[in-house]
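Two complexes come next, and they have one chain in common, chain A, joined by chain B in the first and chain C in the second.
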Partner chain A sequence: MTQLALVIDLNVCVGCHACVTSCKQWNTSGDAGPLPDDNPYGANPTGVFFNRVQTYEVGKFPNTETIHFPKSCLHCEDAPCVPVCPTGASYKRKEDGIVLVDYDKCIGCKYCSWACPYGAREFDEHDKVMKKCTLCVDRIYDQNLPETERKPACVMACPPGARLFGDIHDPDSEVSSAIREQGGFALMPELGTQPSNHYLPRHKRKIPIHEDELVRVDSPLAKEEKKDYDEGSASLEDSASW
Partner chain B sequence: MHPAFSVIFLTTLIGVGQGLFIAVFTAEYFNWIGLLNVEVDPMFYIIGGLVSLVFMAGGLLASFFHLGHPERAWRAASQWRTSWLSREVIALPAFMAIEFLYVLAHYLQFNEPTTIIIGIVGVIATFALFICTGMIYACLSFLREWASPLTIINFILFGLASGFIFATAYSAYANPAFVQTFGWFAVAFTVVVFITRSLSLSRNQKLKQKPKTTTQTAIGSHHTQVTQRSQGQMGGSYNTREFFHGKTEMFLKNMRGIFMVLVFPVPMILMGLGLSAGNPNLLLAAFVIQYVGLIAERWYFFAQVNHPQNLYYQTVS
Partner chain C sequence: MSNTSNETIEVKNTTCYMCACRCGIRVTVKNGQVKYIQGNPEHPLNKGVICAKGSSGIMKQYSPARLNQPLKRKANAERGDSEFEAISWEEAFSILEERLAEIRRTDPKKFAMFTGRDQMQALTGLFAKQFGTPNYAAHGGFCSVNMAAGMIYTIGGSFWEFGGPDLERSKLFIMFGTAEDHHSNPLKMAISKFKRDGGRFISVNPIRTGYSAIADEWVPIKPGTDGALILAIIHEIINLGLYDREFLVQYSNSPHLVNLDENDDNFGMFVRNQEFKADEVHPQDQQWWDRNTNQAVDTHTEGADPYLLGDFKLEDGTPVKPAFQLLADRVKDYTPEWAAKITGIPVQTIKRLAHEMGITARDEMIELPIAWTDVWGNEQESVRGNPVSFHAMRGLAAHSNGFHSIRALSILMSLLGTIDRPGGFRHKAPFPRPIPPCPKTPNGPQGIKPNTPLGGMPLGWPADPNDLFVDEKGEAIRLDKAFSWEYPLSVHGMMHNAITNAWRGDPYSIDTLFIFMANMAWNSSMNTSEVRKMLNDKHENGEYKIPFLVVADAFQSEMVAYADLVLPDTTYLERHDVMSMLDRPISEYEGPVDSVRVPVVPPTGDCKPFQEVLIELGSRLKLPAFTTADGERKYKDYPEFVTNFETEPGSGIGFLAGWRGKGGEKFMRGEPNPKQWEMYANNNCVFQYELPKSYQYMRNWNKGYLTWAKNHALTRYTDPILIHIYSEVLQKFRLAAQGKYAGKQPPERLKERIETYFDPLPFYYSPLETQLSDTNKYPLNAVTQRPMAMYHSWDSQNAWLRQIHTYNYLYMSPKLGEEGGFDDGDWVWVESQHGKVRCMCRFSEAVEPGTVWTWNAIGKAAGAWNLENDANESRQGFLLNHLISEELPAGKHGEHMSNSDPITGQASWYDVQVRVYKAEETDADHSLPQFKPQKTVPGQAIRSKLVAFFAGGRK
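Moving on, here comes the complex of A and B:
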């Protein structure tokens, strides 16, 4: 069984929101029609986004650190939003585990959004149906795109490459080994939803550097440097450029 | 959660309708088994059943205002295998159909066992509907304020209490011989639901003290100090509108005070006065005041729920 998912490296995410904008751009231009964007330049802009980047501060001042935290539908393996849907509009695909909403069946009762603990579903006030991340299902299988581009828009956009995409049920995939080797974790694991998306934890990076490594012994700058030597005792060797 | 008036009216109105049907049928049943011995015109059951149907239809109508696409509502009957909402969508019209048959049987002057059988099926359908309505909320395990059998018990008892108070007032106008029976049932249900609702209130109070899900588990950082600095938006979204009641703690407290007074003591005093003086207007007033109280109760029922998604929406920036 395949379970496609995102793995987000919190160590790498810089909080630039590139994934947010490229997600919106891709998903507002697709077959399903535009995503709402009300008062974009007004005092209270509001609209539907499938993905948001939030920021948290961990620790007590002055020893604080910032975590940028992208959040979208986690495509839970035991998705609580699916069985509650009265119409069958919300479903989880057998073939790749993506959780989708059939916008033509949805009656807009909002019950699924109550059942999602992560707030991953947003109601479209214009189309009057529930919307959510599709893992760019209209991209990842598109034969017209070069194979390297058959990835979700957010993954393509992330400048530092914090977002990995793949099959977490394939033990040899990039995402599986990242989860395994870098301690990938799930959100709210106590609720038993078994999110497919995982996050790689923040860790301290330390590179041991010795002082002599900071200065190159054969630095070309050394040639031009004026030597500071004692006039009286200087010999030719002392003042020569070498 | 943000309380939606459509759902508040749906749940309170069908509660009255279901309770009223059970009351009317209780009268017929008690007469049949000989517990009561009252001369009844079939019109008593017919009008009682029709009024109950009006309450049910009112609730059904209100529910449509909750939907983004009411024209597709028929689809909601398809997932009865997994969804309690879907089951409710089936149980509600099913109960209304049986109730209609019950009224029709009386209108056609069918004799006793037939109407009794239809009535018993109707009672089963009512309870099925009560359970579906309650389970819609109680099945969401991480909405802990709702995830309790008390949720279902309260739905049933509030429906019975308000339905029987209405039946008391109705019979005071239509057939006073039933007033005492209905009245004492109504009082009993109100007293019991006072106890069960108080239990759920204190349960929810305790839940607040030991949350299961925290900002720490939400973002997977287990430091004792985790503060949100930005939620990725400035102007709000569905997440900030649907899952917050948007009122102060004080407002919430007042709402609780209001419903605790309007649903329990005030109607009980009016019932006591109305029953002893045989004054139908006082009984009707008891119903109206309790119904207003039930709207406040249902508002509070939604508002008190702390949705775990709110952990992600603590600070704008």
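Moving on, here comes the complex of A and C:
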């Protein structure tokens, strides 16, 4: 059974927000749209975004890490937002594991957003329906798009290529091997939600320095030692009689 | 184009302009409305990716901040009141034509044109030159001219548009303070791939955000001290012999002998073989000391092996040393222990950085099987490189000691043998260029004549004191005093002083100030509150001190409020543009690349591309480049101009390099091609030429490349571009200050300044502002950064981007709160010797504790950019510029010296010293200073309370 998901590489994410607004522009005019913005030019603007980047600092100066953390619906394998929905609007697709909301059935009761431990759902106060990441379901199967573009908008946009997309149930997929080989982890696994989206951790590269490698025998400094040019001057050679 | 269920869908390629990165974009337009902007996967720059700004172009296109009609200030309104009446373009042009024709007929320098981050300096510069005014510059002087000048005067190229780190093959990458919104997508892509390929990334920065966040190591540094760190690293590298001797000998002036006879007028100059004809771009008349024959020989003599260290005497008794010895002497006392105290970086870290760089460069050499020929005719079997690379931007540049810091960095890169080699720094066309590049300004008042084009370029590259643009007393001719003895190598001009100087009438008053796309009444000016007063200041007779102010912009910036005449520009989606080889193209390491924009939607309202404004004005004013021999208009519009303009009749060089020649069969040079635009449009709006592999490296000294570049009009010379470890150019200015150089002499008050700062070798000094500040009272450095999701001030009108950065905090170490008795999120005052700002603090462990910082240009004046008066940008947001002066306190060098680098005139944004203390609740419930809310102007769209954007209408 297929389970589509995003795998986000925190080792290269610079927190640029490309995923945030590329998602917004695709989805606001797509099947899940619009994604309204209240008070767009006034005080405390607030809008619907399916994907947001949070920034955290970890540790004390100077041992500080700054973590950029993009977050959207994790498309949990055991999604707690689905069983709480009184109308069946919130559902998980059998064919690819994407968690979606059927706006026609949604009554805007917000049970699902209370149930989601990740805060990944976004309520549209104007259409009075719950909205959320669809993994760009209106892109990824679109036969009119070239195959290379049948990916979520955020994945297409991401400049450092920090967002991988694929089937985490296929052990040979790019996402599965990234999780397996690079220590991919899920958020709050203790809750048993089995998030499909995973994150790849930071890792550090060091260059070991060995003291005895600092100066080599062929150091260019050796070249700078002055030659003894005074070949004509007197020496023992001239007067000794041994 | 497709039609289904009455939908019209169009997809067009063009070039982004949400920042200066210039990525290729593919725009989907549905029923005439922009639906989706994606990265163009076929574009060489961004290969399909797009950033947060690029993805938000829709909200820029439909922003209510857009200007839609030409406007004239109402007769009784004050500047700054934002009271305008809409006028026709014909009226706007008539006003300008009459006024500018009179200025041009009488005294062309009274017309001053300064532009922001416009990407069309080829055209604006041409217009200014044709008009005959020297008073033209773009934003470079207050952006990063130290980076351009420091590197170009050393290695003949610089970072960003003209060169960068070869991360594809690098193993160690060190980044110094870099704006996160610049060259952003290519850099993000490259850093990511570099890390994944196992490279080590070190970030030297007072702050850990953005790129620094993913660095393997963060080295926090005190602002303005990078020069000390780099000089100490050079000290360590030289002491341990970790430099690439072979590279320095062959490709730099390291072994060249310097005259050290203090009584000689040529003291500090390279000794020359008098039999050679002196030619400043031709280094072969200089001398080495050959260790095989123990005598001075011409450089690059076959079989010679020069000393880099030592001291020698010429036959006539003249004492000489190789330039490298002078560098070693210079850095002798710049020990890691010395630098640790200045930079705040531990001694062991400084040493380790040097060792990592030196050992990686030495032991990880790359050798590519690419044969090439050097300019001395030696056939080389391979291209070699040492995989250590660097990148730096304003963190180094925006200090008054930035030029020498950047010279030091360029020298470090050279010592490691990394210039235009795989894994190191690589050039992008049209660089490398001779040191210095050839364009020159006029060198005296005779260059300015009524009704005549300027007798030189408005901006140039002085090679010696006689190239300065000064009058017979040695004083400035340009309004901004660029190219004067005050800031001799101000190669990008000094826009940051233009308004203050025009207001004061020093060096003279002007008539018309024309500002394009620069927010000089807000974030693009230092000393913002005072500059706003200057813009509105009058003589006793009621006349404005700056008589006429024209502002061209697409958006209602703070500057618009001060205009007498407003010319509404289009967005980037509505016009033709060129990213020209004559300006700053988008070239890649492998060869020249330029690109265009084509309109994807029609202009909104009555706005007009600024280029069309210049073509129209140029035609009406009968400027030679825009008119035929009999005075008729030469070009119908900008696209026609681009197609047909040649730098000289028949030169075959125009704004675009691709598809030249009658049928598009030529490139770089060729006759105009009437179908050139079409050919660009059909090719992703980009022209790319990939050089043969043998021309892609070592271009400073590559015979094949230099010959190719000459044949394709990229350069005039094929002489080797030797790296200036030792700068004779700087020494010439020092000699002039000492009265030892024939020709122009600095005025008395500036002699000591020139002598001090025009040091042929890099040295470290505290930033000028720091020297003139009470650092006990103001112990902290205050700096700004720009976030990746905003470009300058441009995006607060963007409904999506402003939700990412709605207002700004002052970030600081929690220690400051403990000491000052305030908590995270409290209101504080941040105060410099020039003023104070009330703002909110945010504690951070990701900042060096002696530094406070904020995101630049998020804070806005109330009502500007058509935001509501209570928008967070003006109530909680703030602008640090109020604390930064455009001038230094009066001193021995003059009463009104610019707060700039004494060599290049680079604005010293990051030199300001501050203190921070708790603000009382009773002061206010918002940030301070506040300004009278700016009113909307006629023709602007109504701000809505809700945007539920659905392109082309909802189903």
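Following the convention adopted for this analysis, the second predicted complex is superposed on the first by the 203 of 242 C-alpha atoms of A that agree within 3 Å, B and C clash if a C-alpha of one lies under 4 Å from a C-alpha of the other, contacts with A are read in each partner's own complex, and residues count from 1 in each chain.
Going forward, a residue touches a chain if its C-beta (ideal position, glycine included) is under 8 Å from a C-beta of that chain, and two chains touch if they have at least 3 such contacts.
Here the structure is a predicted model, which means the values were calculated and not measured.
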item	value
Contacts of A:Y118 with chain B and chain C, given as first, second, both or neither	first
Touching partner for A:P86 - first (chain B), second (chain C), both, neither	first
Contacts of A:K60 with chain B and chain C, given as first, second, both or neither	both
Which of chain B and chain C A:P160 touches, first, second, both or neither	second
Partner chain in contact with A:C106 - chain B first, chain C second, else both or neither	first
First (chain B), second (chain C), both or neither touched by A:T46	both
Partner chain in contact with A:K94 - chain B first, chain C second, else both or neither	neither
Common ground on chain A, meaning residues reached by chain C in one complex and by chain B in the other	17, 20, 39, 42-47, 49, 57, 59-60, 66-67, 202
Interface residues, chain B side, partner chain A - complex	1, 66-70, 72-73, 75-79, 82-86, 89, 136, 139-143, 212-213, 215, 217-221, 223, 225-239, 242-243, 307-310, 312-313
Partner chain C, residues of chain A touching it in the complex	11-18, 20-22, 24-26, 28-29, 33-47, 49, 57, 59-62, 64-68, 126, 148-149, 153, 156-162, 202, 204-207, 209, 213-216, 219-224, 226-227, 229
Chain A-touching residues of chain C, taken from the complex the two chains share	30, 35-39, 41, 46, 48-56, 58, 64, 172, 180, 184-185, 188-189, 191-193, 195-196, 198-201, 208-214, 216-218, 220, 240-245, 291, 294, 305, 307-310, 352, 355-356, 358-360, 362-363, 788-789, 797, 799-804, 806, 813, 844-849, 866-868, 870-872, 875, 943-952, 954
Of chain A, residues touching chain B in the complex	17, 20, 39, 42-49, 52-60, 66-67, 69, 71, 80, 82-89, 105-111, 113-119, 121-123, 125, 127-129, 185-191, 199, 201-202
